[in-house]
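In the two complexes below, chain A is the common chain; its partner is chain B in one and chain C in the other.
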Partner chain A sequence: MIENLLEKYLNADLLKKLGIMLASVAAAILVGSIFVLMSGADPLEAYYYMIFKPFSSVTSLGEVFIYFTPLLLVGLGVCFTFHCKLSNLGGEGQILFGALGMTLIGISPAAKALGPFSLVLGALAGILFGTLYAALAAWFRALFNASEIVITLMLNYIAEQFISYIIFYHLKTGAEPQSARIAFSIPKIFPNSRINYGVIAALILAFVYYIVVYRTKFGYNLRTLGGSRKAAKYGGVSAKRYYFYAMMISGAFCGLAGMMQVAGNTGRLMSGVAADFGFGGIVVALLGNLHPAGVVIAAFFMALVSAGAVTMQVKTGIPTSFASILEALIVLFILLGMALSSRIDNRKKVK
Partner chain B sequence: MDIFNLTFMSALFASGVRQAVPLIFGSTGDCVSEKSGVLGIGIEGEMLFGALFAYIAALKTGSLWAGVLCGGLAGMVSALIPALWAVLLQQDQSITCIMFNIFAAGFTNFINRIVFGTNIANIPVPTFSNIPIPLLSKIPFVGEVFFNQSLLTYLSFVSAFVTFFVMKKTKLGLQLTSVGEDPRVAQASGINVYRFRILCFMFCGFMAGLAGASLTLGSIGTFTEGITSGRGFICLTIVILARWNPLIAILASLGFGSVEALQIRLQVLGSSLPYQFLIALPYLITVVVLAIGGSNLRSPKKLGVPFDKESR
Partner chain C sequence: MATREQYLLELQGISKSFKAVKANDNISLKLAKGEILALLGENGAGKSTLMNIIYGIYRPDSGKIFINGRQVKINSPKEAMSFGIGMVHQHFMLIDRFNAIENMILISEDTSLSVLNRKKVRIRLEELKNQYNIDVDLDCPVEQLSISMQQKVEILKLLYRGADILILDEPTAVLLPAEAESLFRIMRNMTSMGKGVIFISHKMDEVLEISDRINVLSLGKVTGEMKTADADKNTLITMMSGEDALHVDAFEKKAPEEDVLMECEGLEAYDERHVKTLNGVSLKVHKGEIIGIAGVEGNGQEELAQILAGTKYASGGTIKTPNMDLSHRSTRRFMAEKIGYIPSDRNTTGTVSDFSLLQNWLLRKKEVTGKDGLLDTKRMRAECIEGMKIFDVRAKDENTRSSTLSGGNLQKFILAREIGNAPRILVCSYPTRGLDVKAARYVHNCLIEAKNNGTGIIVISSDLEELFAISDRIAVLHRGKVIGEKKPEETTAKEIVYMMMGGNA
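Here is the complex of A and B:
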């Protein structure tokens, strides 16, 4: 049994993929140090603050997990769409609507009486809002055959303005354009760190993702659709319906990520609550190779980079936008590695 | 309402033409890149490159035209990244371009902070001034709207017309269509498809760079982070709506430009609508336009499909 498992997971293909991932991260870090030098800082010092410093205390590690939870959730969400060769680039908008859902429940008069249950209700509201907003994009694609790429991107800008309108005109409290504080936040695991129980919920969902995608008929059909549209059609899979499902599930995960942002991080609805996690999640999904364990590790790494970038900016003056340069480079190098390795394989076959 | 008189309208549409300039440059470039079969989603990032480097060059040299040239070149060089990955390495074009856009956003913010520090407002450069065309600018209304503009605006119109002419009337244009419709046949007829697609992509990058330059040097006079705010994606929509025809793309760009001008004016006039709805207006219209005009299209057959000359 164990031998079988080992054989299945430690085959050459996986090792090669793992090698490509690690080499890409290393290459990105190397190229990234050029940028560090450009800003007049010392790369070793900069990377120390970015990658190693967060491990120095429970408090700073807790900050990493504040980024980890939403990144993991969005990453898992976009995996569903990537499995059927669809791109959900609307994560930002869906996160914002999820955050709105949680906020509406959290600041309602009933929330105080509900206590922890307000979080459950908020999560449901967040998921519902995220799902509906993603369904809108899916609906445009299904009905009008409009490119989901441009539609989801446009819906991001629209969501941003809509949320800005809501916090300016309807939920504004005090001088700042932001909502009131929600009555009940996700409890912390340790007293002196911001890490909260949302992490555990996200990890459970990573397991659920594994079951759904690799152990159910739905997941099988989804992956078939991604492999070959024709094969899926012969197998009786309705592409249109599965695109809809994939987008909506993706939106649900993003909505939940938005809920986590409000209930576990900001405590209120404010602009910038989506914090580019919609795009960070895409990086996480690709770096994790759409595999649940990979996505968890990738989400942790990306969270480390994002949280570390803040410390790095304070200590060395390197702008935090360095983190997005690094993210993009990693994925570009992975794609480069994949292309080169498949080329080498082809050459071997020909010989 | 009495504010909608002729003076107001001509000022509105003149401003609409100015707002349309980046869209005209961008959609002209994208027409060519998409005709050759490569999606131009990276145009947003190329615009950012163009906008930043045009501003820096104009500020350092004191010459607006040096800025425009630098912006175009920066866009062209940056376009090599998605071109290399999408064409030579045959990777998924949308993922590659989205990653490139993330890179471009990070890179331009980074350089902006490094060069100018974390000051909130950059030093503005003078923008292009209007040069009325003799006689034509004297035509009532039309003259005021179209022929009393900056040289950059005229350049955008000329570039779209020239591109249209090359696409429809020359051998090069035929080759372009063949590369996008059936790269295998094009390859057999002696066109190096990879080189052709990369050159088209670089042209698109150059035009996107000019689009970025026209944002910073044409109207605003400075660079702010994320200055393009989705204009690259609006260009993509314009190209779909215009059915890959640069001349129709001019009309669509003018439409979107006028909407932008109208929303800015309504904000200034203190409209009763919340300003967020006004800002969201171009995006809302993009979605509606894609829904109505995005279906049943005759896109280049191999658009978005990587070409591998060894596959069958």
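Here is the complex of A and C:
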């Protein structure tokens, strides 16, 4: 068995953290019912369609995984920044650029000849685009000490408008503002479900994340920087450099998520391809407590809610945006729970 | 003999202990109207504790406080203010983005921010400015004011609140000489209006210049009380150093060797408030030598430690080892050159408090990965357990969170880690601060052993007993300069204290 460093430390607090997570989800579901009642539906029925119905068939479960892959990738990506106490709210923009990278490869004349290899090239292009776009934010932070929260958030709007411009003026093929279909998509695992091999890649990356963050000097330095900037300096870790690394890796993951969206879901570049996964991924990272297993579970839960929301809308008339309300409530309760528990700790210390 | 009513403030037999340490031991003092009382004493003499008692932050274990002859109990700073006690802390309590007027509104009783209110505050402040001759811009945000101006805003704040007893905690530490003069004038103006001022300082010249009476504190006790007119430097220094009490441990020390391990010249640096704290420090560290750096705190020690250890760049000057010029090189380079560092702040610099001891063990280790490029946890764990055993770190095991360790144990842990790296040079900043006698002695033994094995050690400390016990040489830092060097066997504590106060050797 792999021995590991953080596990032991986490164990001390694991129960408490797990408690906060579960309580937050429960509280969000409870408060969410008020919104369901307000729209005149039965909460039990709504939650049934949202959370339990997706398990009823391979086809509907496959839909969950269409959400799961990008959520997991973005979730893992933002974990890197959270580990050094940086925030990447620019997932949306990085996803869009990743999607653009894949699309450019996928619609190029050479793509047909390349076959599956075009996916590898597309993934590399997506990662590169996402990384570079995130590097821009890191650069502002490192050079001018600008708040990366504001910068990454604002870069989303630039990306959105830029992609809009591209699909309206350069990649538009038919009447719709969207690119042509890419030549080769990620193959499906089962014939009657949309679940594809992208899921496997994302799960492998969750393992890679674990190794990098908890088992390498790089990950150790990153976490030291998050634990105490002064200690990191003392240990010879350059904060600037590591902020750059974290932001760029984060962008790489988001870029790959964008590539997966195009190559595994939409098949083409269109507006809305990022589908709020940039923000959903932040919820996933927090809910999963930055732990690889936690992030996988959180991504699945969030995917379930998002996919289930579609069924719920059809059956009960509650709009799918209810899923966003639920997401937001979960984050609020997690933050509340963390604040409360640290306050309780402090009170104990005073005594 | 004056009657009790004539004193603004009187303390009788104040004692306060923190665990085993007696910070204040049966202290009595009196402050009359229109008087400047200087409190003179070294770091750790108990000045801050005493002031915090007067200001209602601590409650005394025993003793009485009288204000205008009436016995009172002060339970909070708010109550202290209601008794007319005001304090200017070393770190100012101002909102940076607010101007002086807004800072006053913040503390005033009424809370609404109406136009009228502002006007009222301004009129009152202008009055106070004229009355006490305090020249400060009321409309400029505090962050844009110089340190000395910010201090004046703090003083205005106290006057605005109607304080009669003003406590100034080392007010000149951050000021230039000319600025100090202007502060003294303001203090004189205040006393001429019948207010009482307690002036805390360890700068003897200033104390002799400005105060009316002097109380000397040493190791929690009042060791001297006199009129300034009757005082001279010599008596004061004897009172401050309390030389009779100096207990020096004897260690078996090898003589230092000739080889120079590190040489720095003309080091200059600014602290985070952009005050120049190092003003051309030159030092040579020899093999197997312990250099003690004595000085009143805030004379550039922290910056010097960081520069020598490579975690801060000097704004001027050079650092060299026989191998290379280390000026403007990275912390990693310093670590590669085997320069160890025991920072004064154990909890957030020396360790990451959320990490386990094992994780913290990796912080300053160069080779932490195995052949596969991953962290070699197995080897690190073994090293960590070994180090903890050798240095007698008392913890449940290596997975214990470092924040749960006592100061002494954590310091031993950091020592184990740094000395485990076999450093050529070890920079220690206040290595025994906050430790009990036993732990401190343990640390001293470790340092002596490292020295006898050839490490060149720099110990920055304000504890003279420590410096006399372990140093081969004591260099005195004053206003960012080394103003003299002495061998401990050829000098006395009195002489070192005299130099610390800026006297020439």
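Going forward, the second predicted complex is superposed on the first by the 332 of 351 C-alpha atoms of A that agree within 3 Å, B and C clash if a C-alpha of one lies under 4 Å from a C-alpha of the other, contacts with A are read in each partner's own complex, and residues count from 1 in each chain.
Rule of thumb we're sticking to: a contact is a pair of C-beta atoms (placed from the backbone, for glycine too) under 8 Å apart; a residue touches a chain by one contact, two chains touch by 3 or more.
As the structure is a prediction and not an experimental result, all values here were calculated from the model.
*Asks:* Compare chain B and chain C by how many residues of chain A each one touches, and report the one with more.
*Replies:* The partner with more contacted residues on chain A is B.
*Asks:* A:Ala339 in the overlay: touching chain B, chain C, both, or neither? Say first, second, both or neither.
*Replies:* first
*Asks:* Check whether A:Met38 is in contact with chain B, with chain C, with both or with neither, and answer first, second, both or neither.
*Replies:* first
*Asks:* State whether A:Ser87 touches chain B only (first), chain C only (second), both chains, or neither.
*Replies:* first
*Asks:* Name the contact category of A:Lys217: first (chain B only), second (chain C only), both, or neither.
*Replies:* Second partner only, chain C.
*Asks:* Could you tell me if A:Asn192 is touching chain B, chain C, both of them or neither one (first, second, both, neither)?
*Replies:* neither
*Asks:* Can A:Ala231 be said to touch chain B (first), chain C (second), both, or neither?
*Replies:* second
*Asks:* How about chain A: which of its residues touch chain C in the complex?
*Replies:* 3-6, 8-9, 12, 211, 215-217, 220, 223-224, 227-228, 230-231, 233-236, 238
*Asks:* Over in the complex, which chain A residues touch chain B? Could you list them?
*Replies:* Residues of chain A touching chain B: 35, 38-39, 87, 89, 140, 143-147, 149-151, 153-155, 157-158, 161-162, 164-165, 168-169, 279, 282-283, 286, 319, 321-325, 327-329, 331-332, 335-336, 338-340, 346.
*Asks:* Residue numbers of chain C touching chain A in their complex, please.
*Replies:* Against chain A, chain C makes touches at 311, 330-332, 334-335, 341, 343, 345, 348-356, 358-359, 362-364, 368-369, 373-375, 377-378, 381, 399, 401.
*Asks:* Under the stated contact criterion, what part of chain B meets chain A in this complex?
*Replies:* By the definition above, chain B touches chain A via 41, 81, 85, 89-92, 94-96, 98-100, 102-103, 105-107, 109-110, 113-114, 118, 229-230, 233, 236-237, 240, 274, 276-277, 279-280, 283-284, 286-287, 290-292, 294-296, 310.
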